[in-house]
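Chain nomenclature is as follows: A, B, C and D, assigned in order of appearance, with residue numbering initiated at 1 for each chain independently.
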Amino acid sequence: MKKTMFLALILSAVFFCAATVLAAELPNKIVIGNPEALSGSQAKAGEQAVGGIKATIKWVNTVHGGVKVGGKKIPLDYKFYDCESKREAVTSLLERLITVDKVNFIMAPYSSSLTLAGAPVAEKYGILYMDHGGASDKIFTQGFRYIVQTIGPGTRYHTGTLDMLKKKDPAAKRLALAYKDDEFARSVMEGTEAHAKKLGYEIVFKRTYPPTVNDLTPLLSDMKASRPDIVLGGGHLADGQLLTQQMADLGIQTKALSILAAVTLPAFQNALKGKADGVMGPSHWEYGVTFSKEKALKAKQTWVGPSQDEFVKLFKEAIGMDLRPEYHAAEAAAAVLSLVLAVEKANSLDSDKVRAAMGDLKFTSFYGGWAIDKTGMQVGHDMIDAQWQNGKLVIVWPEAAATSALQYPKPAFK
Amino acid sequence: MILEQLAGNLFQGVVLGTVYGMATMGLSLIFGVLKVVNVGHGAFIMVGAFTSFAVFEYLGLSPVFAIPVAFGIGMALGMIFYYSSIRRLLKGPELASLLATFSFGVILEEGVKFLFTSDFRGFNWDLGKIDMGFTVLPYAKVAACLGSVIIAVLLYLWFNKTRAGMAMRSVVEDGVGARVCGVNVDWEYALSFSLGIGLTVASGVLLTMFVSVGINPYMGGEYTLKAFVVAVLGGLASPYGAFFGGLVFGLLENGSYTLFAQIPGLEPFAMTRFFSFLILLLILLLRPTGLLKAK
Amino acid sequence: MKGASRYLPSIPVLLAYAALFVFGLLNPGRWQLVAQLAFYCALGQAFNLFMGMTGYVDFGYVAFLGIGTYGMAISISELADKGLGLGVIVIGLILSVVFAVLLSLAVGAVALRLRGAYFAIATIGVNEGFRYLIEGARIWNGSEGIIFSRQLREMVGREAAMSLSTFWADVMVFGVAVIATVLTIVYMRGKIGYALAALRMDEDAAKVMGINVTRFKIIAFITSAALAGLLGATAWALKLTYVFPADVFGIHYTVEAIIIVLLGGAGTLLGPIVGGLIYGVSKYYLAVYLPGFQLLVFAPVIIVVIVLFPEGTVGMIKRKLIGTALEKYIL
Amino acid sequence: MSLLRVENVTKRFGGLVAVDNVTMEIAHGEMMAIVGPNGAGKTTLFNLINGVFFADEGKIWFEDVDVTHYPAYKRAHMGIGRTFQISRPFASATVQENIAIGAMFGAAGSETNVDQAMEMADHYIGLIGLSSHRDKLAGGLTPIEKKMMEIARALAMKPRLLLMDEAMAGMNPKDIDKMVDFIKRIRSEEGIAIVALVEHIMRAVAGLAERVLVMHQGAKLVDEPTKIALSDPRVIEVYLGVPPGEADA
């Protein structure tokens, strides 16, 4: 029994090699594997990513007509498991996807830690490893060959925000930083601090808080005493809500408040209602951004993928719930689109060739721009800044994508 | 300036501490009577937080009304868990009951995730606030604080003035003696386990009155760890001790922030956590019976 | 039972590890699964050595894995460019053991004076306190952790680094499991085993019988911690090539260790490997066939198992085999 | 030179004085009984001698070494063996293993390896007549068998002083006689001193002890050779009831 299985394995390997050489013997579907985090601490982002990937695959197969390789249009397929946000499970499930399910490409699980956990295995099998949720810059200084990032690198999250504020009010110089103490938010803080110094800001307060925090009062009292004009901070979802609510509780009024991750999610406003007004946040993507096929073509950019509204519709179908996609879903979607374009460009399913094709791939989708540097790090995607204005999330930066003017100074907490 | 901040932090610490205390009474009650450490404690708090969220968002009622609802849910969960497993595990190794309570926590987390998804919820219950000069206090927090005190007093009265409460106390003090005196010990165990869970779920509501955001299925882990520290400060087996322990913990956590913030190169917030666990170890070493009781 | 025959129970355990290892070699595409199972079994063996033999539940056990991970991470990230080659790995292994032993001495001095729930809570306190000390005082890069994939690659070359992370680290985990098994049976069959058994059943009576309970507890505690340090250095540091404090001090690893030991049978030699295999295999297939719902299925099953078989599977098997020829192979 | 010397030892629990300024001595190979009603402080005195508790005041000497602050296991190494009032076997170990634990860690422990300890255990199992129960779990023995096993376990420690706490409680007169003979035999064979605690079985005391120490409310009441002690009016008073008027004293 084992012998025949082993034989079958060799045979299928031979078959697979032959298939990649002879375009005529291509498989009848291209499979994307994904050991996603569907329970445990990263479950929320993982659920969104799975929805985004499913929605995009549906679009590729129905609207795009499949992936064009060797003169044939091949449909995409999707295989995902739940790694429970645990590092041990990532490696074994990843290998199962590669060797048992024989997927062609891998989407990494959400978060830098889980992405890193799977990297050695992906490198070993030489399979393209699409990072849609690992923002740490350090992933790309390690010399991995098969990791390609779609989410923007952490150090750039808050730099656009500072550019915008500098332009709006050069006199507001007192800057306070209050970030979550994890590797992602810390890399944001590092980038922010460096950029702020360049712009001549005076950093009057700089503190982090532990990831699992349920009362920020002492930190905020401390911050209040430093009388900042601008507060930048946050980390993920729960602490962003907490930061805003407790600033409101303590009556800390600033001219601007920008918080990572949490602000641009509908849950932020659902939870805080009027207190959300005037709060800003950087994001990779937000519902309402004005990237469109028309604009892209006018700027002579390659456009691919569904329009924003089509994506939202497909997403809701995919998860079977009336839930709006968030940036976790959009960046996973863009990662799939980049894969489709690169495969078509390389005219091959071989990971090395597809990775090479990605090197100079540039395109625009509903998610915005996409391009990577030599290491695989995302450099083509600009962050946007969004702000809640009268219960609506509007995009205020960059000016090209803006749907509304920045409300400045921020109104008092209601 | 620093003194003013310290005063503000300590004041906030007292308010927060009463809620911590309330959130630990259930843990201590269960340990005191059954000698079971409820490792899934935080998950029950999470259930309370979702109860509060549902009552506010779906029924449009003040979270105050969620307290009895949550208490009822907790009593029911407690009875189910007690009769389905805890009862059979009491004679086994303590590991078995640790694992069982941990598994309850997982079932609740995954069950709530199934019902509500793992999104982060919150609601906006704004009653205004009072500016005291050195700090600002929202009335919602005052309500959470008062609610905790009232529940603690009610529990005290129940224990000391009613027959049922005195029967339970007799079990805490001497299980064999109580049996001889005609107390149905098995029923007392069931009752105190579900009373403990009821209190814990209700405390989840009070915590949302204190901070009404960040509600999600996995929010409880942090509260489990804090509750352990608070319970040890109060002597582990005594619900009132736990209440007192909560106050001390709130003061320590908030007060030490001001201290650590003066030392450059430290992250004061993480250091407050380190500090509270250091205190935990010292208490366990020097006064395992808690701060209140003389040895 | 005299002489060598008292070590017979190690045969089925070592055979089971050999079988698992050979299965992995014959099925290269399942190696990571085998590696994950080996990690669970080794974790169970190492944890059981203290918890199973003394009955003390160390809830902060993961701290020893965490500090072992740091031992290897520091060694690689600091010494990678010193031209020591694979010697750095050896230094890393030594450092991880030294770190784990030092931490266990500190923890033991405080916590081993306590019993029952007080001990469990104290050890949680040590684990959490230690993590926040690293983050709060910015020790070893604080919360940013250490990523040392690049250093490892520069040190031994790309191919070697890759096979280190995807194969040899796992082989070392097998090594840790075997060391843990051998130490367990040597302890169980030696004086220390009787001393620990006595203190597990009645600590006060054990003292009166002339047993220096503190000494034997500390020996078992240090041994178990050192094995955990090695496990962190191999299964976490070498395999994953990064360390974040929030990951390596995650308390759910202790819970996993407890589940594994209890499923198999606490204080038995064969238990941890049986528990590790049951736990690992069922988790894996639930993740494959019920993604997103596996914990909802798994948690009630655990409750049912501990209610029905409080002595674990091996405890149950042992009872069934009393009086048969197989009895002397099961411990 | 005496084997054990207890000097002015006092132990309090909260407000209660459990042992009140007791002084006593026992010579090598001597056989002594400590009698007194329940709560007289006998077991606490034992616990002070073998190190389960530490004395609040006073000193304890064993073979001219001040052991007042020695932990229990160290005193066991020096040669103090002990049985318990309510038997405390290692329930899920076999009878042989129980006794072997005594041999492994007692006074001769440092020179005894596991195999030797098992052989010694077999010897003592034979001595107490439990050979047929050798591989049974100790938890499954009858109460009397447990008592016998505990004695064997303590003897396997090779003590020079054996403290026996209520070894004969709950036995019928026939068994008591057998037990008395057994204790006398091991005492002469092993050459050890024995202190036995007895609550009210005068039959055993008379047959066994050369000297009797009577305790009452924590204090030493009488310390005399057996015959004198048992006819002392104070002792009879303690056993037969306190006359009116002295009840509050």
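Everything that follows uses one rule, which is that a contact is a pair of C-beta atoms (placed from the backbone, for glycine too) under 8 Å apart; a residue touches a chain by one contact, two chains touch by 3 or more.
What you see is a predicted model; the values in this text were computed from it and never measured.
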item	value
Chain centroid nearest the full-protein CA centroid	C
Higher-contact pair (C-beta pairs counted), B-C versus C-D	B-C
Remotest chain, chain D as reference, centres from CA atoms	A
Chain B and chain C: spacing of chain centres that average the CA atoms, whole Å	32
Mean-CA-position distance for chain D and chain C (Å)	43
Inter-centroid spacing, chain D versus chain A (mean Cα positions, whole Å)	75
Centre-of-Cα separation between chain C and chain A, whole angstrom	35
For chain A, residues that touch 2 or more chains besides their own	39, 43, 47, 181, 208, 210
For chain C, residues that touch 2 or more chains besides their own	132, 135, 142-143, 295
Residues of chain B touching at least two other chains	110, 221, 267-270, 273
Touching chain combinations (by label order)	A-B, A-C, B-C, C-D
Complex interface listing, chain D residues touching chain C	50-52, 71-74, 76-77, 82, 84, 88, 90-93, 97, 100-102, 104-107, 109, 113-115, 118, 153, 157
Of all residues in chain C, those that touch chain A in their complex	26, 28-33, 35-36, 39, 132, 135, 142-145, 147, 149-150, 153, 158, 162-163, 165-166, 235-236, 239-242, 244, 246-247, 252, 283-284, 287-288, 290-292, 294-295
Residue ranges of chain B touching chain C (in the complex, touch as defined)	31, 35, 37, 39, 84-85, 88-89, 92-96, 98-100, 102-104, 106-107, 109-111, 114, 221, 225, 228-229, 231-232, 236, 260, 265-271, 273-274, 277-278, 280-281, 284-285, 288
Touching residues (chain side chain A, partner chain C) in the complex	2, 6, 9, 36, 38-39, 43, 47, 80-84, 86-89, 91-96, 98-100, 113, 116-117, 119-121, 123-124, 136, 138-139, 141-144, 181-183, 186-187, 208, 210-211
Contact set on chain C toward chain D in their complex	2-3, 189-191, 194-195, 197-198, 201-202, 204-213
